Amino acid sequence: MPRTASAPRAIFRHPPRRGGRPGEVPGTLAVDPAAPRSEVRVIAYGPGDDALRELALDRVEQLDALDLAVVWIDVVGLGDEETLRALGQRFKIHPLVLEDVVHVHQRPKLESYSDQYFLVTRSLHPDAGLDTEQISFVFGRGFLITFQERRGDGFEPVRERLRRNQGRVRTLGADYLAYALVDATVDLLFPVLEAYGDRLAALEEAIFAQQAGEALARKLLSLRAELLSLRRVLWPMRDALSALQREESPLIDPTTVPYLRDCVDHLAHVIDMVEHDREAISSMMDANLSMTSYKLNEVMKLLTVIATIFIPLGFVAGLYGMNFDRAAGPWNMPELGWAYGYPFALGVMLTISLGLLAFFHRKGWL
Amino acid sequence: MPRTASAPRAIFRHPPRRGGRPGEVPGTLAVDPAAPRSEVRVIAYGPGDDALRELALDRVEQLDALDLAVVWIDVVGLGDEETLRALGQRFKIHPLVLEDVVHVHQRPKLESYSDQYFLVTRSLHPDAGLDTEQISFVFGRGFLITFQERRGDGFEPVRERLRRNQGRVRTLGADYLAYALVDATVDLLFPVLEAYGDRLAALEEAIFAQQAGEALARKLLSLRAELLSLRRVLWPMRDALSALQREESPLIDPTTVPYLRDCVDHLAHVIDMVEHDREAISSMMDANLSMTSYKLNEVMKLLTVIATIFIPLGFVAGLYGMNFDRAAGPWNMPELGWAYGYPFALGVMLTISLGLLAFFHRKGWL
Amino acid sequence: MPRTASAPRAIFRHPPRRGGRPGEVPGTLAVDPAAPRSEVRVIAYGPGDDALRELALDRVEQLDALDLAVVWIDVVGLGDEETLRALGQRFKIHPLVLEDVVHVHQRPKLESYSDQYFLVTRSLHPDAGLDTEQISFVFGRGFLITFQERRGDGFEPVRERLRRNQGRVRTLGADYLAYALVDATVDLLFPVLEAYGDRLAALEEAIFAQQAGEALARKLLSLRAELLSLRRVLWPMRDALSALQREESPLIDPTTVPYLRDCVDHLAHVIDMVEHDREAISSMMDANLSMTSYKLNEVMKLLTVIATIFIPLGFVAGLYGMNFDRAAGPWNMPELGWAYGYPFALGVMLTISLGLLAFFHRKGWL
Amino acid sequence: MPRTASAPRAIFRHPPRRGGRPGEVPGTLAVDPAAPRSEVRVIAYGPGDDALRELALDRVEQLDALDLAVVWIDVVGLGDEETLRALGQRFKIHPLVLEDVVHVHQRPKLESYSDQYFLVTRSLHPDAGLDTEQISFVFGRGFLITFQERRGDGFEPVRERLRRNQGRVRTLGADYLAYALVDATVDLLFPVLEAYGDRLAALEEAIFAQQAGEALARKLLSLRAELLSLRRVLWPMRDALSALQREESPLIDPTTVPYLRDCVDHLAHVIDMVEHDREAISSMMDANLSMTSYKLNEVMKLLTVIATIFIPLGFVAGLYGMNFDRAAGPWNMPELGWAYGYPFALGVMLTISLGLLAFFHRKGWL
Amino acid sequence: MPRTASAPRAIFRHPPRRGGRPGEVPGTLAVDPAAPRSEVRVIAYGPGDDALRELALDRVEQLDALDLAVVWIDVVGLGDEETLRALGQRFKIHPLVLEDVVHVHQRPKLESYSDQYFLVTRSLHPDAGLDTEQISFVFGRGFLITFQERRGDGFEPVRERLRRNQGRVRTLGADYLAYALVDATVDLLFPVLEAYGDRLAALEEAIFAQQAGEALARKLLSLRAELLSLRRVLWPMRDALSALQREESPLIDPTTVPYLRDCVDHLAHVIDMVEHDREAISSMMDANLSMTSYKLNEVMKLLTVIATIFIPLGFVAGLYGMNFDRAAGPWNMPELGWAYGYPFALGVMLTISLGLLAFFHRKGWL
């Protein structure tokens, strides 16, 4: 996003706008010219042990030759209008769906069309921080198309399971595959959030280690902004997955439902972690501010004690520094002429000091 | 609004009252005398390539001659009672609807009447800030009437699409046209909110660049008030559009429903941006106040350190400025007569200073 | 209310208790002895041009002579047990309803009985501030009884419409009349809230005009308390009206429903204004407190700068005010004997001052 | 409760635990050994004028002799296991109900069993503050059993109504009696809350009468804690009563329903008062803290003004107290030798003072 | 959890992640290698007096010999994959359930499968603080399997009731046993929360006993974090139990329903206590911060009073310490030569002091 790039230090970055130009014909397939070219990898499989074929797709017609139970078409890079349009036509994808696929700043959502589902999720990229990329799923009877913005995803374990025929994935339909991929996406969140938790713990220690102040406030603010961005993604994602789980549709096999419920559960767990961190950051921001208040209080007390003790002493010293002419009369500063005048003055000062110290002690300020 | 005009600097401007005088007969068409005269532009169209006619409407009877599938009557300026009344009669518009059309401070809403819908939205004007104007839609079978307060709107792209027969707009009904216009209205929000986000980013930078304080507080307050006004408009607008999408009515073609859903989605995205900005402003107001706290703390610490070091030193200096008569007795300030009295005094001062500096250092205040 | 009268300055006045004594038989008609005597005005009307009769009601039997479509009995002053009881008997009003009518501190509510509705609303009195009085409506087929606490109401425009046969009011039933009167009541709120908004704008200006402080805090608190009282009335009133609008009952003509919906809409608009003001007051209270923080910060900085500059200077002056005996040895304050000792001391002071000023300037405190 | 007794000064007292020991068999009738012995008073009545009998119940079998329409068994003191068990057997009360009756720290709730209702409410005791005691109601066809912890209740007016055959209570069933007693319980809340409101008003006055500070904070905190305890009781009580009102059961006569609705209404009014007070206390706590901020601000300004004026003056005085040897050279403090040196110095001081005063005045600090 | 172990002092500990590795096949039984080996204790029982058998289970086949009504299999320690798998096969437990059983950081939840329920609860361990461990329940017709992480539980009272045939537990089914065990788990919470309440009461006293400050803030923060962790567990647990109570399933006997409702009630009571403590902690954190504010205010006032009194006095002393040459002219400090110059100066000082004291007194600062 140009705007973000030009203000890289802003803590509160705007969620970028959905793609299209204002006034564009709805359903227009307006490919972002900066998006990477599409690579299309296909895995077709069935329950049988050698019923799996992988290929790189150049033309959509190659799909005709595949007569396996499920076809997974994984489109990485959304810069290739022709490919998208060809897939759209072959699988009868609604133009609005294709528009949303390329406008990669959608909120997660589930939309059901007569014979297919369109699910938008957002995933952390394995190499980036808490920034998310959009992964769109279109699936119907016997096919699943995934659209990713960039290379690098969390799908590899699922591909391995497919290839090795591990678990039940080869025996079930496109709905289960969609579940497995979404779940893999959710799994990516755990290590990132744990690292995040470690950063919070370090900040927490810093607050109580006398380092409370402006710099920490800024760091907390920035962590909080990151978290809020992630949270804004997770809640609608959970809504979308819950909705999918509750759908009663021939496209969702009853066997898949407990798995979807499990996935919603994982997401709930992630959201729990995020909400926990959010509360922790709030508490830490309060603590950070309070700590500086407490420190200020301590500083002020010290200032008061020292000033309060020395100000009267200084006054006494100043008093006997006055130059009244003792010769002018017996009432003019006779103390200066006393044989023990200086010890007397020191005694007065000591008495004042001790009295004030006692007073402060009684007040609990020392 | 007179009140607003007389207090142009108030941050928290009241949402102006709905139009009518208290006690007015409900359903009275009380045209605001200050409103601009109405201009009525008609576009009638059908699917065919030359099935489009545009005209400026002077008399309602001109509509009789148009036998195309859809008639869009765009009324700009609501100062012309007769025109409104004529339209109302021809299209059997409920008096309460006409009343709401001219009382231009309605909250967005959807009302359904037996054979037509009344939808109130609010739109940013392309040339104003976050202030909104009311755009009312009345549509039924084969007609759509839009009522705008002033010239200048976001409808031009739709008019172009109609003229050039782009997309599906010419082949679909008045419901789709209404959708297209509402969507164009929503599209106007994106660039404005992005500019708004840039202003926030600049303020954020200022806060951390030692400029936290009253002036920033005021700016933030004013941005927040603007945002709250906008927000108060967007939520009911989303409710109205969601309601429209869920309506099951012969007036809404099933083909239009996904488009309406898409439009609700866009609005949700806008609301996301607004909520994000609202949270950002809250955080920034907190940060602004905290930063001044942190600065005050720093200032106070410096004051304390300096005062605490010099007050005892000053006292020592004052002590030896006392005028006790050394001649009166050997106990009167013998230090003054020591050969190294002055270096001794300076040494005492230095010792005190170093001791205090060490103390402050250990406390972490230096 | 005695309590309120004895503590007229309290900001947070309790909503007064409902009338009855603890333990009273429920449904007892316990007229408040301090309530003004009842005056009963009747307007009976039908659609015909001269089908309207107005009379002051002394005995309930006078109603027998009226054979017009709708009878509106407007009871002003609730001090007359006999009248209330007679009306109750004639119109078969439930004893609990009559009890609520005279216990004038009910929350707004709608209760439906077999053949009549009981609606409690609260209205601003044209001559009082944000204090509300209770107006109760009992209506059924062909009759509406309104109960008001005191003279002075917002019903006059409706009476005029009845007399002049303006609008549709004469052609419709008691339900429409009830709507018209409630709507007139709601209309009274707009000018009051606008005046309220002006007071807020004035306070806002005062906050930023260096007048932030305790006095403003108190004013804001008091405005907020008034607002909260009003708000506590408006929300249940909206609930009651929404409920009435959704009722499907032969007592509510379908023609009346859009008008009721419109009235709910007006109330929503009023609530919007109140919520807006509530947010504005919150923001202003924060701003008021922040402003004093910012001012304190500024004051503290000045104190620090001045103290920090003069404390070292004062120390130097004190230093050379010491009375060490220069005769006692060459190390005793030789500076005092230098030919340029005084300029040297002034130079030292100037250097310190300039150094500190430079330091403060670099810190951004000047 | 032992814990509460041992910490009588704690503001935030825990709601005490429900009675039973961990691991106890559910439905065990574990009478609190410290509870007072049970006294059982019976009032049986029917519609007829002399159809009322009151007796003190020693053995449950005495009930056999009563053949009146409704039997009200009022158990005061829950220390008598045998009585409770006998009642439980005779009226077929579920063991869990009896367990809850003696574990007197239940939240208010309604439970329906096949032929009886179990309603737990909490009542203020006429002689205690905002502390509540549990009153349990079990009622079915023709009987009502009430269980109270201690003597002293708000039921006397209802007993009087029964004895004098006032109102409709003698003609209706046990459900109406239950309503009447609950309503009497709710009525007890009004005077207590009004007294509470008066205490708040007094505190409010204190805050603005320069008494803001720690002591008030503590009082407010303590009032707030009391209020929160009460609130925690009232909300579930309202839920329970609303549920009872909505029950469609042969045990609830339709005649009773409007009375129950009225009682829910009264409770809503009480909750309104409590919520109002809660908001008031929040506002007052804020105001209390703000007032001390404002006062601190004022104090600091004074300190600044005085220090800022006198620090430079003191410096000038110190300057001319230096002992540079005027004999050592012409540049050593020549002012001391001027004929008008002293007036000159005083003039300098006066100029500084006036300048600073003007500065402060312009800043608005004086 | 390694992370927690390495940062044992962090206040805000993350809820640990669910067990599995990212990308693991869903439904994999991935036993935590660090988990203790499983011990399986079986209690089978029926209504008859000697119809109870207890055994330690080594092989699942041992269950074949038990032909009593209910079999309770209590698995303690989840480190034994084989045992879990054997139980899973015998009782047809869904693989996802077994996965959740060993991934011991689930949120409490209820899942229903065709002929069994899976309930996850979390329990305090009798010897740990507010940390919870997961206890999973799988039950169907005639069997209940409980899975605990470690030895030590709150189930002993239920085992005793079974052995002694106390209460109804032996006559009812597995659903009642599940209820009894969950209820025993809930019972463990009461003493812990009471101890917690005592700690809060002690902190509260400390706040008002002049000990407000940083250390208390930290303790409060840490108690609050513990409480929030507990709360995050209790709410979903209540949801799960409420759901179980509302299930209409042949697996839940109607007799059990009131007991389940009672258990939900107990949990509501616990949640009440937790929410109460949460509010109390919030209030105490506010109070802690306010108290330091109030103390700071007091300190500042003292500083101001002392500084304000002595600064002018010091100035007067400094004034008469100036060395203007009285010989140079009659205007140079004539006071120094007055016979009563010193008493005059002291009088001036006294006057200033008294004046200021009076001023402060009038301001209410003394």
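By letter and in written order, the chains are A, B, C, D and E; residue numbering begins at 1 in each of them.
Criterion: a contact is a pair of C-beta atoms (placed from the backbone, for glycine too) under 8 Å apart; a residue touches a chain by one contact, two chains touch by 3 or more.
Computed from a prediction, not measured in an experiment: that's the story for all the values here.
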Chain C and chain A - chains in contact with each: B
Turn needed to bring chain A onto chain E - CA fit, degrees, nearest 5: 70
Inter-centroid spacing, chain D versus chain B (mean Cα positions, whole Å): 41
Between chain E and chain D, distance of the C-alpha-averaged centres to the nearest whole Å: 25
Residues of chain D engaged with two or more neighbouring chains: 293, 295-296, 300, 303, 307, 311, 314, 318, 321-323, 333
Arrangement of touching chains [line / ring / star / complete / other]: ring
Direction chain E, origin chain A - full chain order round the ring: A, E, D, C, B
Of chain B, residues touching chain A in the complex: 154, 156-158, 160-161, 166-169, 180, 183-184, 187-188, 190-191, 193-194, 197-198, 200-201, 204-205, 208, 258-259, 261-262, 265-266, 268-269, 272-273, 276-277, 279-280, 283-284, 286-287, 290-291, 293-297, 300-301, 303-304, 307-308, 311-312, 314-315, 318-319, 321-325, 328-329, 331-333, 364-365
Sites on chain E touched by chain A in the complex: 3, 7, 9-15, 17-18, 20, 22-28, 94, 96, 100, 105-107, 109, 111, 113, 210, 213-214, 217-218, 221, 224-225, 228, 232, 285, 289, 292-293, 295-296, 299-300, 302-303, 306-307, 310-311, 313-314, 317-318, 320-323, 326, 333, 335-343, 345
